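You will see chain A twice below: alongside chain B first, and alongside chain C after that.
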Partner chain A sequence: MSQIFHRSANSFARISIFGAVFMLAFLGWIAFEIDRSPWQTRQAQIREQPVPFSHVHHVGDLGLDCRYCHTTVETSSFANIPPTKTCMNCHSQIWSASPTLEPVRASFRTGTSIRWTRVYDLPDFVYFNHSIHVNKGVGCETCHGRVDRMPLTWQEHSLQMSWCLDCHRQPEKYVRPREFVTALGYQPAGDREEIGRRLVKEYGIQDVRTLTSCNTCHR
Partner chain B sequence: MPTETGDRSRESEVGRPRPGVGAGHARPAAHLDRAKVGRTPSSARDPLVALFALAAVLLALASSACRQDMHDQPKYIPLRPSDFFADGRSERPLAEGTVARGHLNGDAEYYTGKGPDGQPVEAFPFPVTKDIIERGGQRFDIYCAPCHGRLGDGGGMIVRRGFRRPPSYHIDRLRNAPSGYLYGVISSGFGAMQDYAAQIEPRDRWAIVAYVRALQLSQNASIGDVPPEAREQLEARK
Partner chain C sequence: MADDTQLADPPRDVIAPGYTFGSITDQIAAVVLTKRTPVFWMACFSVGFGLLLLFLWAVAMLLAKGVGIWGIRTPVMWGFAITNFVWWIGIGHAGTLISAILLLLNQRWRNSINRFAEAMTLFAVACAGMFPLLHLGRPWLFYWLFPLPNSMGVMPNFRSPLVWDVFAVSTYATVSLLFWYVGLMPDLATLRDRAGNRIARLVYGVMALGWRGSARHWSVYETASLLLAGLATPLVLSVHTVVSFDFTIAIVPGWHSTFFPPYFVAGAIYSGFAMVLALAIPVRSVYGLQGLITGKHLENAAKVMLATGLIVAYAYILETFTAWYSGDVFEQAAIWHRMTGPYAFSYWALITCNILLPQALWFKRVRTSPVALFISSIFVLVGMWLERYVIIVSSLAQDFMNSSWGIFHATRWDWATYLGTIGMFLFLFFLFIRLLPMISIFEVRTLLPQAKVEKESRP
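Right after this comes the complex of A and B.
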């Protein structure tokens, strides 16, 4: 068989073997970035909903408190999505002929549920609990962002493990007095971390070791 | 009565399989071995082939739909829809004629606000403390103030947007109404006002009533009702 490649092809081969290491690292890095990108975590993506419910109107304009609708957020792991009846408290009279609200009225008439599309969704192997966070002074805003500026709800943070841990390692950076948990645009009266450290003590927030051990969230 | 739970579909997940990336996928990695098999005189091509194979495998991994069994376990979490029941709800209503544990609600006065004669009770079923009134105030601002206004005068935000205007709490009829009556309005609604039984626990309903009582007192108070030591403070602020 005649020579197909010139001798110099050998060094080309060596370089590409060497380069393969970098290539691998590069591909690994790409994969890693894809895994953390909003495309994968679905961060900041608007979800279609059966009714264009807007927190801008209901929270921003009308000033409703989160707990008017998300009733169980302080007492259970689950925040609750309001049943149709809650909408009808007001929409029995307000915009009661609007076609936008027809799915709500239809649901109320027939007793079938409105099927909202989930926005925040942790994998089922993660344990999350609203009540502990809310009662220890972690505000809705810290995790869900300014919902009063979201015409349709989107996911504010990545919901990746690193996001949870970032706060569990240093809760004093985020906690606020309990009476402000549902407030949006909270500004601490003074140094945030100093207030945070005081609250961590006052609310008896556990040490970093407990909060970052695997079985806190994977149980 | 038509009802409750907003089911949440998991459509978003069906529509968009989450690609998995990582070391867990041992099988495709095995394909890399092909580079060794090809160790022949034309070896110079192999690293390139291997590279392309690797790139292809990694890309395939990054974009393929992997099974997400642990992410989406076949269990019911709150409001997850069910294929099994005709109405699609995993939360089941109580079977008729049964009472859930801890929901006997035997204390009729506490749960209905009505005495044995069916008339609303005057007295509170438990002692009212400052904590209760504060709790009531917080709950009032969440659930009632949107319509009744923070002062209870009936000028809340929803009313300004066109909801029927409720009467002020400070009219004589409501000032003289027994506490059990106010509790009843919260629990079963009144006219255009829907009931708040599903949103507010009985204890909180009583707390709200206590706060409404406090509001009624405050809106009809005169300087003579203020204790002397606090009176100075008020005068100073004027």
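Right after this comes the complex of A and C.
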């Protein structure tokens, strides 16, 4: 009986064993990368807004404090999207004829809210509270990045669970004194971790076991 | 007495007289390489295929509507799914026992039944694997069970026996598959060389991985097969031990006991051998393989069933005794509920199927009658399913607080999924006996007297 396979089948068989391993590893790696890519997380992507609001201008140039607009950040789970009235405090006088701001004036005239597009949208199964973070010394900048350098707002971090856990597992690496919570570009006066450990104690931040309990965020 | 029957049907022999190397190969290979398919095969395959379609339907419904279509309600959240999982995993154990432990113990009668028993293991594990996966509710996230790097930054809870299960079962499936496949290679080469059809030659040729039967191949084969047997041996004990931990680690009355591991392992081998008999008896008579799977094999399997069945019976007695002896009111109530409560029928049915009826195996007349063995093996399979059902459902339904008691009612989808996996098993098994040699050709050949090397001839 003649040979069914050519001699090269031997090499092909051997190569395919290694090939299969590398192929599987490669596919795994692709899945891993896609899972972390901005395509999946929408990290660093600018969202379309009804009015092109610039944090660079309002925060960086004019020096508005975060809490001027996001009023409830210290007392509520929600940081608050300012009502149109807050905009009109200034924009009834400044740029009052600007066509860009027409949606704002229209909103003020009609009393219907501007429908901003949410940039930081956590899944509904996550319980998140701004006030506890702000009061325990987590700076706005830690999660939202340098908004004073964002002409249009983007999501600074991935918002994936591992990112949340970075801080929940080692809060001392991220906390800052309360007076610097809204400061942008905060530099610790000394060793960050040493100050962090002191603050963790002083602010009564819970132990890692509690901070990383499922129930802390998934209630 | 034994001498009288020697000529008609030699029950003492593991192979009928008159076989030669060639006739063994001819007979086993012919089952696969023929163009004629027996009506029996067609019938069984159709039943299997029909039930497989039912399974796919049930799974589609499950994915569309969620696990609520099953009867699982608080407090009985495990219901049929885990019952069927444990049942199927247990059935697989006989294959590994036959292929690994009996190989290491040099029990040569295993050579005739190890191939299809291992195939049975694989298909049973495949069926078993369906249930925890579907029971997840979101089966597409099954990979969360493995400690893979992930964007959640968390690992599975290694203190949970459910995670141990993942490792135990996936290791078991992998080692069983490797062992089965390595054992198949020489026979695949035989089929490659005998197949008339070019496509068949190519397919068997690729699967044989270039096996030429050289001395070097055989030497490597023997080493690999021994190593795999060594790997598989602890699995016979460990897999069902870990499965039993799913229950014993919990504090539910009726689950929380230390004798579950040996009890589960014995029960697994019990049901596994019952399945071996339930498959071997019809298949060997349809294909005329009584000369290769002889009365001796059936009797040996029956003896293993009798022995493991007695261990299981001992465990039932011990379970009741321990509940009484512990003085624990909840433990006592759990056993009492089993015997007299809403699941009393299932409990007494399982005692009947698992303990009372198999006592018939003490009689040689029963052990040598294929029909009687087939019937008793079906009873054992039913009994072992009921055992898991009673352990899981009755314990969960009535635990510590009677305010949280609730009775489990299986829905039609529970039954459809369960029957569906039986269909999947039959489908895979009958595909296997049609496409691959169901008996190990080269291993059976070593059973022939001609295969004995004459040691005396050496100086």
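The rule is simple: the second predicted complex is superposed on the first by the 204 of 219 C-alpha atoms of A that agree within 3 Å, B and C clash if a C-alpha of one lies under 4 Å from a C-alpha of the other, contacts with A are read in each partner's own complex, and residues count from 1 in each chain.
Throughout what follows, contacts are C-beta pairs under 8 Å (C-beta built on N, C-alpha and C of every residue); 3 or more make two chains touch, one makes a residue touch a chain.
Keep in mind that this is a model prediction, so the values were computed, not measured.
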Partner chain in contact with A:32 - chain B first, chain C second, else both or neither: both
Contacts of A:118 with chain B and chain C, given as first, second, both or neither: first
Touched partner set for A:107, first chain B, second chain C, both or neither: first
Chain B versus chain C as contact partner of A:44, first or second or both or neither: neither
Touch count on chain A, higher of chain B and chain C: B
Touched partner set for A:162, first chain B, second chain C, both or neither: second
Contacts of A:9 with chain B and chain C, given as first, second, both or neither: both
Overlap of the chain B and chain C footprints on chain A, listed as residue numbers: 1, 4-5, 9-10, 13, 32, 35
Chain B to chain A touching residues, read off their complex: 1-13, 16, 18-19, 21-22, 41-44, 46-48, 50-51, 54-55, 58, 61-62, 68, 70-73, 75, 77-79, 81, 87-89, 141-143, 146, 157-158, 161-164, 192, 194, 196, 198-199
Touching residues on chain A, where the partner in the complex is chain C: 1, 4-5, 9-10, 13, 32, 35-36, 158, 160-166
Complex interface listing, chain C residues touching chain A: 149-154, 192-193, 201-202, 205, 209-210
Chain A - residues contacting chain B, complex: 1, 4-5, 9-10, 12-13, 16-17, 20, 23-24, 27-28, 30-32, 34-35, 40, 42, 47, 62-65, 67-68, 71, 78, 80-86, 88-90, 92-94, 107-118, 121, 123-125
